[in-house]
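Some structures are shown below for you to check.
The following pair of complexes shares a single chain, chain A, combined with chain B in the former and chain C in the latter.
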Partner chain A sequence: MMGPVLGQAAVPRDIGVFEFLFGSEYWTGPGGILASLWDTLVMCSAVMAVATIIAVPLATVLAHHGRGELSITWVVTLSRAVPTFAVAGLLVPISLRRGWGFEPWPIFIALLLLALPPIYLNTYTGVRGIDRGVIDAARGMGLSERSVLLNVELALATSVMLAGIRVAAVQVVATEPIRAFLGGDGLGRYVRDGLGQNNDNLLLAGAILVAGLAALTGTIFGLMRRLLPPGVRRLA
Partner chain B sequence: MTPVAQATNPIIRWEWIIDEWDQIREALVQHLELTVLSVALGVVVAAVLSAVALRFRFMVSPITGFTGFLYTIPSVALFGLLVPYFGLSRLTAVLPLAAYTLLILVTNTVAGFNAVPESVRDAAKGMGLTPVRRVVEVELPLALPYIIAGLRIAVVSTAGLVTVAAIIGQGGLGALILDGLQRTFWTPMTIGASLSILLALVLDGAIYALGRWATPWTRRAKAS
Partner chain C sequence: MPMTKPTFRLFLILMAVFALVATACGSDDDSEETAAEETTETTAEDTTETTAEEATETTTEDTTAESEAAPLEGPTIRVRGQDFSESVTIAEVYAQYLAAKGYDIEVLTPAGFRTEAIDGISNGDLDLIIDYIGGSLTALAPDAGASADPDEIVEIIGPLYEELGATLLDYSPAVDGDAMVVRGDYDATTISDLAGAGAVFGASAACFERPQCFLGYTDPDIYGIEFADTVTIEFGPLLGEALAAEEVDAVVWNTTAPQIDEQGFKILEDDMGLHPAQNIAPIVVSSVLEAYGDQLATDLNTLSAAITTDDLVAWNVETDINFRESDEVAAEWLTEKGLI
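For the complex of A and B:
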């Protein structure tokens, strides 16, 4: 008995985990691993880009003016409690009724809510944690307020901010696979298909792919820190 | 489903809630059971891990490293990895959910015990309390606010994650979401999603209240 066509070949019922992961015919073509990986990466990159564009300026400006201290307590709680599946589940009917389809908006917004808190939190605490003396010195040297914000506060908070972006990225990549259960595709599809077809090896291979990408994301963002100038890196 | 049918299919059809009340209640109970079971297992394991970490200092970083590693494994992948071994069973749902609570519970428990002032420890020792009584009667109550704070986050995030357990057929409110999705009938989806969020908030409030009741001195300290 053959499963549905994934990639360029049908997935046989009795496929081995490694046979699937190392079979080039499953990597290429529509529904293949490469196409699914690309799907997932596009979604996650878009979420991360928008989350960073919203959270970093907001947190920097609020922290610069010493406002929104109270928001931190809320954000800390939120950051570990966003029920992504439920949020996306609420948004799917709304999106469909408006004719926007299953994808990408519901899952995009749900993932965005997941990514915003860690980035906001780390940027805010990073900026607030800078020694007041450094900022006073920068002002005393005649730097404009704008320059203090961008060249001193944001620059010195970079390392802490990157740590927040890393946490957000890992969570987004780790959560994106639920999209396959909400009418979409992406790398989670093999887990879904493995469950649906009662095919344990396809399921295992899918789980390995999903977990592998999350681990890889954490490693890559961890390495990004090394690209920072040594002086900035030491501050974290 | 044609687009026309979708457009006429309302987000919520109130009479469905009355007709299918039994189904909703069953999902809610399953959801609650899964949440409580997972957090309870998490608390037991976290207590052991925290005790080891507090007794043997060199174990702190391996234990936090391990629980942190568990936390980063995607839920879909972890459920998927366990299905071939434990089948579509409740255990397959509870093990990952409990594993995800460990990081926050261990971190907060260790922080709570570390925050006990040295003078208090010395005083308890000076009063001649046995080591067991020192931990249970003096250190544990003082660490409790930290532990409760961790427990709140663990419960809220678990209640949210239980919806994902529906993909391995363990029911709960996530099953309503999946059911609505498959039938493109939005009422169960809306109900399942909003009830799971509501349940998380109620549980959070309940543990907050429990914490206030269990540590009355923290209120008094703030008032004075």
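For the complex of A and C:
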């Protein structure tokens, strides 16, 4: 009998949901749950890191100068309108033709577009929502503009900003599995294989894994908020 | 998330629009349903004219049904293609041919795949399906060994269709089977040549658990190929894109995929005979077949015998590359062959 082949774990057709989830042989090795989980975590972390690096400074600076109010309306609309699967699906043939392969660009860009709006939106509204009196007081105390921006505005907006990052992270983790339908792997592979092989239990187990990781992500970011100093947390 | 006042108003408007669209769609469905119900009780000409959706598109069908032979006595034959272009065209070819012969035909909107087609036959929603015999074999007898000989497959699936209350008629010489496809300049002519080639293999998820597919290619007793890597790719044009981009070296496609020729790929010879024979064959509900006497079986067999593999490829070129409607392509082919 054939063992698991590189990148492709052989899962029996009649496997039970719990038999799969608690079977150690399905966790290890190439194509195992741990390897798939790692694939997914690397992709999601990269997306979240880049999205935060782009959205937070942009939103903070614009909000500090009171510019780009209109952008908020756009972002709200956009965040509900971007069809991530369609974006990734359209990018795949382009990426292939340019010799960049299936991964990682199409799915990365599609997920980035998904992650940017909530982070941008929350950072912007968080900074704008700070009591003008606090900022005036900071200026009155002789703080430089730079210091006002970093030590007052950004600091006080942290809680709201983190809430945005949390929303983005949960969405990204829950959406990343579409990658398995576009020539990639990751945690979505079990959903894909379950669908393609008419294996409902594998499909269900895959869905449980994806939903579990998304729930865990939400919880972890929720806990991070608790680590903030009480004063900052209360202000939010 | 906080919303500004104009945004909230925009949101309300969007909700209202959405609600309107939803209601409109709902009433649409209703009217379609009633239309479909009515058609089952009317005569051949009326059926082709009022069949939901098809009516507006298939003008050719209407005219042929009216101009040709007088209506035959018998139950309505409901035909439905599976939800991919080749199957839709095949269903149109059979339907238009029978309609021209005077049979009472109703073409349903294409839906589902093999499972749904066989379910439709066994639970009385459909009267005629056209399937690939090797595929029927995997669906009806998953544990039976594949055979490259169509007659052997027919011997197995014939009785299994009888159990479902349907009759498998003669298979056509037209074949759309599995194909191991590589780039035109790839150094291999048979699947065996891939054994030591270290190729990267791409196929749909279904292939990876099928004995006639990935399991057979890697089985040391059959092909014993050791692939350098495997990629799961949705079945369809993406297979060709991946092959052309050299992301993969060999993919499992179907022999009649028009892109194979268009993109300069080649099909490797199945020298170990792993792929089952995939001739197309009509399957008719037995009671309907009996109601029409021998005439229906004879007519269907005549048509099946006239279709070739090259015809399937030509139809796929029209529908998938030139983006033409299946019913037009079907009517054109039938006219050209003098079958209607």
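The working rule: the second predicted complex is superposed on the first by the 226 of 236 C-alpha atoms of A that agree within 3 Å, B and C clash if a C-alpha of one lies under 4 Å from a C-alpha of the other, contacts with A are read in each partner's own complex, and residues count from 1 in each chain.
Basically, a residue touches a chain if its C-beta (ideal position, glycine included) is under 8 Å from a C-beta of that chain, and two chains touch if they have at least 3 such contacts.
Treat the numbers as computed from the prediction; the structure is a model and nothing was measured.
A.B. asks: Could you tell me whether chain B and chain C fit or clash when both sit on chain A in the superposition?
C.D. replies: clash
A.B. asks: What is the contact status of A:Ile72 with respect to chain B (first) and chain C (second): first, second, both, or neither?
C.D. replies: In the superposed model, A:Ile72 contacts chain C only, not chain B.
A.B. asks: Touch test for A:Val92: chain B only (first), chain C only (second), both, or neither?
C.D. replies: Both partners, chain B and chain C.
A.B. asks: After lining up the shared chain so the two structures overlap, which partner does A:Leu195 touch, if you call chain B first and chain C second: first, second, both or neither?
C.D. replies: both
A.B. asks: In the overlay, answer first, second, both or neither for which of chain B and chain C A:Pro104 touches.
C.D. replies: After superposition on chain A, A:Pro104 lies in contact with neither partner.
A.B. asks: Would you sort A:Gly186 into first (chain B), second (chain C), both or neither based on which partner it touches?
C.D. replies: In the superposed model, A:Gly186 contacts neither chain B nor chain C.
A.B. asks: Contacts for A:Ile208 in the overlay, against chain B (first) and chain C (second): which applies, first, second, both or neither?
C.D. replies: A:Ile208 contacts chain B only, not chain C.
A.B. asks: Could you say whether A:Thr175 touches chain B, chain C, both of them, or neither, answering first, second, both or neither?
C.D. replies: Only chain B is touched by A:Thr175; chain C is not.
A.B. asks: Where does A:Gly32 make contact in the superposed view: on chain B (first), on chain C (second), on both, or on neither?
C.D. replies: A:Gly32 contacts neither chain B nor chain C.
A.B. asks: Tell me which region of chain C runs into chain B after superposition, given the options 186-194, 222-230, 240-248 or 276-284.
C.D. replies: Once both complexes are placed on chain A, chain C clashes with chain B in 240-248.
A.B. asks: Using the superposition on chain A as set up above, list the residues of chain A that contact both chain B and chain C.
C.D. replies: The answer is residues 77, 92-93, 96-97, 99, 180-183, 192, 195 of chain A.
A.B. asks: Note which residues of chain C are touching chain A in the complex, please.
C.D. replies: Residue positions touching the partner: 1-4, 6-7, 10, 115, 204-206, 208-209, 214-215, 218-219, 227-234, 238, 241-242, 244-247.
A.B. asks: Which part of chain A faces chain C closely enough to touch in the complex?
C.D. replies: Those residues of chain A that touch chain C are 2, 5-8, 10-11, 13, 72-73, 76-77, 92-93, 96-97, 99, 101-102, 118, 121-122, 125, 180-183, 185, 189, 192-193, 195-199.
A.B. asks: Show me the residue ranges of chain A that touch chain B in the complex, using the header's touch definition.
C.D. replies: Residue list for chain A touching chain B: 77, 80-87, 89-90, 92-94, 96-97, 99, 170, 173-175, 177-178, 180-183, 188, 191-192, 194-195, 200-201, 203-204, 206-208, 210-211, 214-215, 218.
A.B. asks: What residues of chain B sit close enough to touch chain A in their complex?
C.D. replies: 3, 6-7, 9, 11, 72-81, 83-84, 104, 152-153, 156-157, 159-161, 163-164, 167-168, 173-174, 177-178, 180-181, 184, 186, 189-190, 192-194, 196-197, 200, 204
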